[in-house]
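After this come two complexes, each holding chain A, first together with chain B and then together with chain C.
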Partner chain A sequence: MRKPIEIRLMQGNEACAQAALDAGVRFFAGYPITPSTEIAEWMARELPALGGKFIQMEDEIASISAVIGASLTGAKAMTATSGPGFSLMQENIGYACMIEIPCLIVNVQRGGPSTGRPTAPAQGDVMQSRWGTHGDHPAIVITPWSVDETYYLTVKAVNLAERFRTPVILLLDEVIAHLREDVRKPDPRKLKLLERPRPSRDRNRFRPFGGALDEVPPIADIGMGYRCNYTGLVHDEAGHPSNSPEVTDQLIRRLVGKVEARREEIVHWEETFMEDAQVVVLAYGCSARSAMRAVKTARTQGLRAGMIRPTTLWPFPDKAVEKAAAMGLPVLVPEMNLGQIVLEVERLAAGRVPVKRLSRVDGQLFTPDEILAALKEGF
Partner chain B sequence: MPASSNQALKWPDPVQIRLSGSGGQGLILAGIILAAAAIRDGYHVIQTQSYGPEARGGASVAEVIIGSDPIDYPHVEKADILLALTQQACDKFLPGVSEKGLVVLDLQLVETVPETGAAVLRLPIVQTARSEVGREMVANIVALGALNSAAGLVTWTSLEEAVGERVPAEFFELNKRALEAGRILATREQKKNRGEQA
Partner chain C sequence: MPSDIIRYFREEMLPHIWCPGCGNGIVLRDIAVALERLNLPRDKVVIVSGIGCSSRAATYLDFDTVHTTHGRALPFATGIKMAKPDLHVFVIMGDGDASAIGGNHLIHACRRNIDLTAIVFNNSIYGMTGGQYSPLTAMGKKATTAPYGMFEPSFDICRVAEASGATFVGRSTTYHNQLLIRLIVEGAENKGFSLIEAVTHCPTSYGRRNKLPAPSDMVRWQKENAVLINKIRDGAAQLKEGQFTIGVLHRHEATEFTEAYMEVVRRARKQ
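So, the complex of A and B:
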């Protein structure tokens, strides 16, 4: 008999790829790049047997284009890359936001800028994942801290892309991507999977870009027999280019509004030891692994530290920081960059509590000791 | 530690293990097999690796952490157990071994052993793989058999199953013999050491 949960040793990249398959992804286009290559390798091996398609493209711009094209036909589609490739993809990530195409983009962060440090971890793409493409646009960015969580959050990412008709970015880092850990891999048939909203009404009234400011309009697969016009230009409810100020305003507000209005469905964070905390560490991804150890050690030494760990970076879990600030708790933010998420924390703390940043940009994971030292040093 | 382990463990929980040598010696595979075996025994595990840019010949190290609870910080801080299959690896990693640790070294490839408080087991691992098992390629599995026999980390059944899961089917028997050869090496040496002490 098949066990509902099977425990397996998997690498972060493998867990991501397998989860995408289990979530229904059947198209992958990408250009191999360290430290994300294992995702492409896994897909190249597994997709053909599932009737899916794997294409190694000539570069990352072509990769994201192929992903958008595949998704337009109704397939759940993804790509995986690292910083340099993520930079190349930005233009068409904006296009996918604009024409509201579900897709998964995995960025396994490495040291940057430019070619940087291919095999060294970093968390320098946090702001790029939010604002990398131009113009006001929605962003859903998810970041796991373990291999096990990578599996579950990849499924969530694919679901959110479908649910909100928008690109979703899974922001991994080199540490988690290459780590091997025990993963509770569920029976894929037990996973709750979401599908994009598809049209059910009569064809003449199909409005692929219509609806109220918080609405996700239906999308027809190309070939279903609905009239589809897709353009990166500002467009009306039918998809035709428009220069109307009213149409423009409605479109931009709805694109952002469909995600913002349903933050509760997306935003998630985990709180540990917050009940009696005197100070808080807010950390995500690989940094949270070191931070958790530091927090536990601090508590054995009489310093009651708590921890907030966002798994969604965008939309940012405002309420988590609001709560800490309302409780009067100083916040330490260790990041493997020179200060990105700390800006959000400072914005929300709004001077009510001290916020301290701890940066590491030498391509090495924080040690628990340096986070502990920063906690003890005070604010 | 969970009841599924039949070995009386003298190690801290979690226990930190470092397998070191040079690229091409199969240490990363050995680390993966050890981690997979520990999962079979019901433990939480971490396995990481690092190596030089060369495919062969550069320094290579695999880390395994095994614990009853989920492990937060994913790197080895102080190794409880070290395997070193080159002099360079021994020189580099021996100082990072805990005082109560265990060090398994290749007898021929590691000629000088720096001062250490840890227990040292010097075994002809590569030579045994070559002359007794018949393939130098399986030195990593001989080492794993010796290491597990000396340290009692995972059950023998789980270790064999994990080997079976990760090596091609036609080489399973060869690798099982390699594990066994490693086990005998370590047992014999430990017996000899005890005899000398007595």
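So, the complex of A and C:
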């Protein structure tokens, strides 16, 4: 466990921004949008003195484009937005997946669809963060439940983007983004930071899109002399556009495969009171805070509830649900949407155990009492 | 001196995908000749392009090349240039790419005066999708989506660029290709945002529908309708209906964006 050198009262958005800086992010492009704007403001203030670059672009499409452009030169780059802006970014998130360029996209979720409720919390972008861009593609999506965890998961997100040469999405909840809590800040110099794999081969043998189905090939920075071609078209190992069925199949399977094959490195969840649980709550983000209180209260009232809290939504922590289903535990899934992650839980439970959904879409947090009531009500 | 531009091409990518008679090859050649004249360090040149016929040009050039998404070449290039200001960034776009879907990005790249050299291949049509009208299709001209003639007024993209703050704006045609080369060279030498409109010809999707079916007809049309701006300025010629100016249409001095940002860095470090 890391040793904090400083305990700071920080807002979720601030913790995210500072963590990104500590993780080596030196380029930020964004467009103002509630409830994510504080991240841009922090970056505008801090990046220049660090030798980094901040730019407020003309819209979110331009923002993600500039981020990918900067990352192509080797810079660790990020943007932050919320629902409407996240929707605008989708095409180029797919482009980043396709050309395998690392970047961090923070989506501070707010009520939707459309303009929705800009200052109200919601967890309605879970499926969009997985499938928002068209076509089969890899997705790494992470979600914290506290300001402290926002710091550490932001560092993890930047690392995963580099490690896997792919965009990583940090899904924040509006209430976590605007909450002020203690952050046990580590010594940034002692953080384990990862860099994208870079080539050591000579230019003629360099294959920036090559390798086996589970491989993350090395990537050269623009300006290093490798003279690569990046294209959103299906491309061969060298980066040349291709219409070959074999090349297409290999590329799409490898893009997804490089992430799927290394789930263990990515997927994380926390289990609480699972040893003797009779029933389990699976919750994430801000909903997990209310759920944890409900679980603890249930235990004082004789109901042995357990909890599974994924911090990785995609790839989904299949094993956590597999285990609960194997143990015969009914699963309650409270989410601030009409049922998104619960679909994964149902898929994995496959009828072996009851799965119950609990939804809120009124812009209000779950209260521990209503989760407790749902637990007691039975399945 | 014989030109040796083939070294700037990815020969394994040739032949190109363009139709017989297309003007894009001329513009691509002119870019390569301009690059040869500029003699920039090979590994510090980046070519960024959008989507469309013209944007396929990037893939043929043997530099770091980024074939991006439709309309977004300029913000990608902005990120590249800002992250590494020592790179020489060229941006290839089509008329629909630059003026319709990417119109807002164009305005803001001009406004920032970021040191990019944008070359807009203007063939007056969406060629790759088979001939739909663009914001640069002239009134009355036919397109698959304007079967009764273009009914929207068109942009003069050079005037848009000038009004938005570009510090170098020029236009030439595939007929006036020596001028086009000079404009690309001067645009690249300008420390700021440069826009060069290259009027090119698309016999397949535009000419056929607009009584100019042969490539030679289209090139002749360019020859007859392009008027050197200096001749207008000197009073030696007057612009007739349907004619357009070519040459250096505008230039002015202004602070370049990445240099302005260095001033931000200095201020931030003082505090």
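One rule holds in what follows: the second predicted complex is superposed on the first by the 375 of 379 C-alpha atoms of A that agree within 3 Å, B and C clash if a C-alpha of one lies under 4 Å from a C-alpha of the other, contacts with A are read in each partner's own complex, and residues count from 1 in each chain.
Following the convention adopted for this analysis, contacts are C-beta pairs under 8 Å (C-beta built on N, C-alpha and C of every residue); 3 or more make two chains touch, one makes a residue touch a chain.
Remember, predicted model here, so these are calculated numbers, not experimental data.
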Fit or clash between chain C and chain B when superposed on chain A: fit
Which of chain B and chain C A:264 touches, first, second, both or neither: neither
Which superposed partner A:49 touches (first chain B, second chain C, both, neither): second
Touch count on chain A, higher of chain B and chain C: C
For chain A as apex, the angle formed with chain B and chain C - C-alpha centres, to the nearest 10 degrees: 110
Chain B versus chain C as contact partner of A:276, first or second or both or neither: neither
Partner chain in contact with A:228 - chain B first, chain C second, else both or neither: second
Partner chain(s) touched by A:202 [first = chain B, second = chain C, both, neither]: neither
Contacts of A:246 with chain B and chain C, given as first, second, both or neither: neither
Which of chain B and chain C A:181 touches, first, second, both or neither: first
Distance in angstrom between the closest Cα atoms of chain C and chain B, superposition on A: 15
Chain C contact footprint on chain A (complex, rising order): 27, 29, 45, 48-49, 51, 53, 55, 57-59, 61-63, 65-75, 77, 91-92, 95, 222-233, 240-241
Complex interface listing, chain B residues touching chain A: 32, 35-36, 39, 43-49, 70-75, 77
Residue numbers on chain A that touch chain B, as the complex places them: 7-9, 146, 175, 178-182, 286, 289-290, 292-293, 296, 365, 367-368
Of all residues in chain C, those that touch chain A in their complex: 10, 12-13, 42-44, 46, 48, 58-59, 62-69, 72, 75-84, 86-87, 104-105, 107-108, 261, 264-265, 267-269, 271
